[in-house]
Structures are given as C-alpha cells and as structure tokens.
C-alpha cells in the first residue's frame, strides 16, 4: 500500500539520526515533528531565529512573538535559544544543520530542486527561505507525492519548473518509494505498494 | 535618543528614502512607527522587509496609502497580502524578490562595511540570472551586494536610555541586522529602563546602532497563523 | 557533548590540523584545552589566534613544544612573546599576519558559508599585496577568503548540557566566531548548568556550534597588563 | 609653548563632540580618556568587544576577563555591552564609530597613515587592529609629535614607512600644531609656540 502523508512523515522521522539539528520546511514536512521520539535529542531550527522549537502553541500558550517560519504560534523547549536572522541563516548556509526536510514540485535524478515557483506567468514570485534551505544542511530530504494530481512524475530527468537549488537534494521520500538522488542518479531504497519494475515504467528516470 | 512621541521619532524621513522595516509577518513588526510614517507623509519609498504586508495594517497600510515605489522582500505573496497583490498586478509597485538569507546577509554586509560577497544561495536559479558567479574551492557562488537603508524602523522589547536593546523571542528576527544597516535607526519598544538595568552580557543591539527610541503601548495584534 | 576530562575533550585531534584558538591575550584563552592538546600530541599544526603566545604558558607552551608549523594571527609581537620571537627569528615557524578585523570576518565567513568577500581593511597596504582588489560604489576593497578550522579550542563561562554557551565580559572576544568556523568545536567552561537554566534570550553561542564541553577549575592567570 | 602630551590629550578631548562613540588607540591616545567630561556622554569602544568601557581598573577591581585592547585591566560603566570580535569590528569597518584617535609614525598631507611597521627588515610584523581602526570611523584623528627624535617631520608629502591605510586620517594633533589633512592637502588650524611661517620652513608639505 502506498503511504498516507502521516505514515510518510513517520518514515522520514525514523531516518533522522538522534541528536540531529533539523529544519522542517513549511507544509507537509512540519508533520515530521509529530513522529520524532522525545528522547531522540533532535533539535528543531526555525529560520526566523530559534533553536529547540517546541510543538504548536494552543490556547493560552499562544504568544504573537513566538512563531515558526510558517508564522504559526509555537512553543519553546528547555535549552532553546533565540538569534537574529543573519545568525539564523549563517547556521543554514554555513552547513551547520544536519538535515532539512522540504516539499517540492520537482526533483531531478541529480538532486536539483524546484519548489518555489511554478513558472506560471501571472504568479507573484515569492522565495522566502527556500533557496537557503536547499543548500543549507548536510543532508536535504524532500517529501512529496511521487506523481502530481494529473499523474505526472515529480521525480524527473531535468526540472522544468524554475530551480530552487542545483544538486542539493540527497533523498526523496514519497508515498510510493524512498529514492536516493545525486551525482550517481536515482536509486530506490524502499517501495510502498509498488514494485521497482512498475516504478521504472512510470518514471522517465533510470532507477538503480 | 528617547523621543517623546512616535511622530517625533519618525520626523525628518525624506521622500525617496530606502526604509528597512523589521518583522517577520507580524512578529517584530513596528506597527506604531509605520503608522507614524504614514502620518509623517514621506513618499516614493523603497521598503526592504521580509514580507509585503498582511491584511490592512502595518506595511499593508503604508502600501495602500500609495507611499511605496518599490518593495525588496523575500516573500510578498501571502494568504492576506491582497493590498500588495493588487498594486503589483496593476503595475503600480516594483518588486525585487531576494532569498531570505541573502536579504539578511546583504544588510549585514552594509552594516559591516563589506563591499560585496560570494554567496552559495541561489546558484543556478532565476534569482541569480545576470549576476557575477565564481567557483571557489570547487563550490559555485553568486556575488551579492549590500543593502543599505537611509532609515530602519524596528521593534524591540526593552531599551535603556543609551539605546541598548533587547528583544523578545522570535520577534528579534531582522531587527538587530537592520539596526546596523541604516543611517538612522528608529526603534519602538514596550519599555524604557534606566541605563544600567540591562545585563551588559545580554544586550543584543548596542546603542551605537540606535538613533531614536520611542515607547509604545503593547498592541494585541492578531497572530496570523492562528486565524 | 559533556566530556569527563580535558584529555577526553581533545582526543582525536589530528596531525596537520588547523586549530582556531580563542582568547585575546590571556582573556578567553583556553589554557586547559591547550595543555590537553600538548599532552594529546598532535603536531604540524596551523594555529589561528589573535596573538602568538605570552610567557611560557598557553599558546606559548604549545609553540615551545614544537607542535606548530604556522601561526595565523594579527599581533604576534608582544613584550613577553619570546617563545614565538625565537622560533620566528630562527626560521622554525611560519607567520601569516592578518588584520584583526579580517581575522574575525574571515572566520565568520567560513562559518556562514561565504566564499569570499570584498573588505575595506588593508587597501593599499603591504598586507593587500598580490590580492584581488575592486572598486565598488567608489570605494576600494580587497578580496579576502574564509579561514576554516578543523578544530576550535575556546573558553566560555557557562554551558548547559546541550552546549549552549555564555561568556564573561571581554573574554568573549573570538570564541563565538571560532565556534562557527570549525568542524569540531571544543569548549572549556567554569560551570555546566542543567539544560533550561540559561536564558534563551542571552545564549551567545547556541549548542549547534559546539561539539564537546569540559568543565575546568578556574585558574588565576596573571593579567598581562597589570605586570 | 609647545604642548605636553597631557595638554595635547586635553586638546583632542575638547574636540570630540558630546555623545560620540570613540575608540582610543593604544599608547598616547589612551590619555584622551582622562580629559573627557563625565557629562559629555562619550562612549568608549574597545575593539576586543565592549562599549562604554570605564577607566583602568585598580586593586580589587582588576578582573582578568575585562581588559582593553592594550590588555590593560579596565572597568565597566552603566550601559556597557559586550559582543564578539566580528561584531566589534563590524562597528569599526561599517563606519559606526564617530571618532578614532590613533598614534602614527607618519601621516601624509593627503591623509595616508603609517603606524604599524617601521619597515625594519628584522622587525616581526604585527598589525593588530591598526588597519581596521584606520578605516574604521567617520573621523580618524592622529596624535603624534610633529617631529621624530631625530628632528625629521612626521607629517610628510608621502609616507615612506609601510602604510596602514590610504587617505584615512582627517586631522593630526601634534605638540606644535593641529593640522587638517585630506584631499585638499594640509591646512593648519592652530599652532602652539610656533608660527605658521616657522612650520612652513620645517615641513616639506605645503600648508594652507
């Protein structure tokens, strides 16, 4: 069976080593936090200036001065720290984070990422921290469905949407398979409810 | 250093200024100073901020008042950025989209006297088009230039009478960087304390970067994400 | 994160490493870690530090033990830098003199992923000879490259068990910058407190930059200027 | 009468505007602090990471963690702040200080500064923060004797010692005269026990 978004988040969480410093992108990657073991010592970074971010705030916990990068109110865990934007992006761009988990429109077999712009001519461009996150961790994981709503593959030989970063993704987690990408091309690690041969037929990318 | 009112704090901002505006969404947004700027009347402004306004308040109100020629930001498009969206789609405002980390680092460079820097973000993407690139030690970089402000409008938590500042939680965001990058830094705070009351080890923005401070009443702004 | 001894903290430093060593004179100098490094035995080191040792202790002892191939610093020559002076004059040590601000900014660049930067310091001086220069907006700059460490040895005041650090007065100096610029950052502190005891607003070096922490006894080092 | 070093320090102090942020270099410039009015609101910066530095520490005040750039123990005034070296030099190099006061071996009429190296072939080079200070303030004042021990002028048409900075000095305070320097050449503001004509005879630099 293919994975539900929650099951997929659990699989990503399973693969994050204990004591890692991790940034979870806006949207589906945020769900990964719900599956991280409390004892794993994983520290969440939010690029608006905080380490050891806690879960979403509820009720009286809501503090307008304490939000995540999606502007959702969050909480603070013991051992947290606050810092300004240049220091926060220094952490990313300087390669200090262990893992970033991002969403994507497309990922190429070489690890190129397209996740900030659909290329639609009337769209208002907005990049936020996407390009910094793309190059901002020792490992960049992408979480996405393997096919879009029209059934087109999102793992592609070459991205056709505008790029967010070149050769920056190390692994793609999808509802149907976990696939390593990079200089050696795409290599399937695990499949869910589908065979490798079926994947090969549906993707334009050679799969090892 | 300590202004008696918001209007006094924002006096003298000139038409055509580049104004750095703190805040990430609503957290750290200097609402009172922006309202003061609207009353003050300066126009033809270039605004540098992470976003381009939400709803009808803060930056969105300044945009709506027709005072802004250009916005430099990382993320203009949001669920409630309808004021910006309409100005942009009708061609009445210019937009320069800058990756968030570049926005911060380019302002830091302005504050630090750096002439330009080779940056790893954006290589090979449309936002690097036409920019100088260089390979250094096997990695590709794009050359980025400082963003300097004539004025910075920021919000902090507490100030002392020398202009030393501390912030609160993630409302810190761009404030300390913008304070270094502007010719004149104007700060709204919730509290002004006597000099000597802030822990010298915990001052985030030293007063050398601050020109005017004004105390404002705490405001119950809506948390965007909670809507 | 928390090492049981200095020897455990410095274990594994390899011959030929570039070691960033905190301190400005004696303030912030990680004496215990340097003594540990001498015991540990790594040699052929490049040391990056503001000075090149004073008297017979700290960096001077490491130099005297013959472990250092090259020193990168801003100010090697001091009243009591006789260990360095003799090594230098007898051709047994290399020296790269770097303006103090460049030393700090080049390490920050390493920590921040910046490939190189155009810097106003040193233009037209012997320390810029042979370096790329460029005029930007009418001002002249020299292109400077990052200084990255394999290891940083620094001294802080307090750490929590996650490696968050606070410093004390001007002993802060290069510590926070070096912590960002090294692959492995090793810190000696006077006190380890439970996680949650440091004010999140006042943490200077977040634990993400710290690999090992060891508590050491306070040492009554001589104040140089007081002699 | 020519000025004593203490009188010269008082003259420099007189010319520093109230509420300025000031860095006083090692050596003779340090004396300027003794002549700054307590009410003038002048804030001293020390490049090893502090603003609002107080006077030298004595007796029990001595704290090895609190020194100035000359490594002399100092004290802390109310409203002080501490910061790391990159931030400290950002203040200088970004032009945030109002005034730096430095010593010099030579200053040229155009404002070039030589104060870090005599050019002696056996000298061990050591620059410290000199080059950053030279370009690190809105105004750079130099304090020096106008002639060296051998009677040679230290205000020169061109520096012969290795440079610290190009066209960076705005004014020279000496025992015999205060002289503005810069793109328009040297211009005497005030003399002490000497006439302008006498100065013209002893210097190789045209004096306005």
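Chains: A, B, C and D, in written order; residue numbering restarts at 1 for each.
The rule is short, and it goes like this: contacts are C-beta pairs under 8 Å (C-beta built on N, C-alpha and C of every residue); 3 or more make two chains touch, one makes a residue touch a chain.
Just so it is clear, the structure is predicted and the values come from calculations on it, not from any experiment.
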Contact tally winner between C-D and B-D is C-D
Subunit C-subunit D separation of Cα centroids, rounded to whole Å: 28
In whole angstrom, the CA-centroid distance of subunit A from subunit C equals 35
Taking each chain's mean CA coordinate, subunit B and subunit C are separated, in whole Å, by 33
Could you check subunit C for residues that touch two or more other chains and list them? 105, 108, 112-114, 119-120, 167-169, 200-201, 204
Residues of subunit A that touch at least two other chains are 76, 82-83, 89, 93, 135
Can you name every chain pair that touches? A-B, A-C, B-C, B-D, C-D
So in the complex, which bits of subunit C are touching subunit D? 24-28, 74-78, 85, 88-89, 95, 97-105, 107-108, 119-127, 140, 167-177, 204, 220-226
The residues of subunit A that touch subunit C in their complex are 21, 43, 45, 51-52, 76, 78-83, 89-91, 93-97, 135
Using the touch definition from the top, list the residues of subunit B that touch subunit C in their complex. 105, 109, 112-120, 134, 136-137, 139, 141, 145, 166-169, 199-202, 204
Which of the residues in subunit D come into contact with subunit C in the complex? 46-50, 62-68, 70-73, 76, 82-86, 88-89, 92-93, 112, 117, 122-132, 135-136, 162-166
Within their complex, state which residues of subunit C touch subunit A. 108, 110-114, 160-162, 164, 180, 195-196, 198, 200-201, 203, 206-209
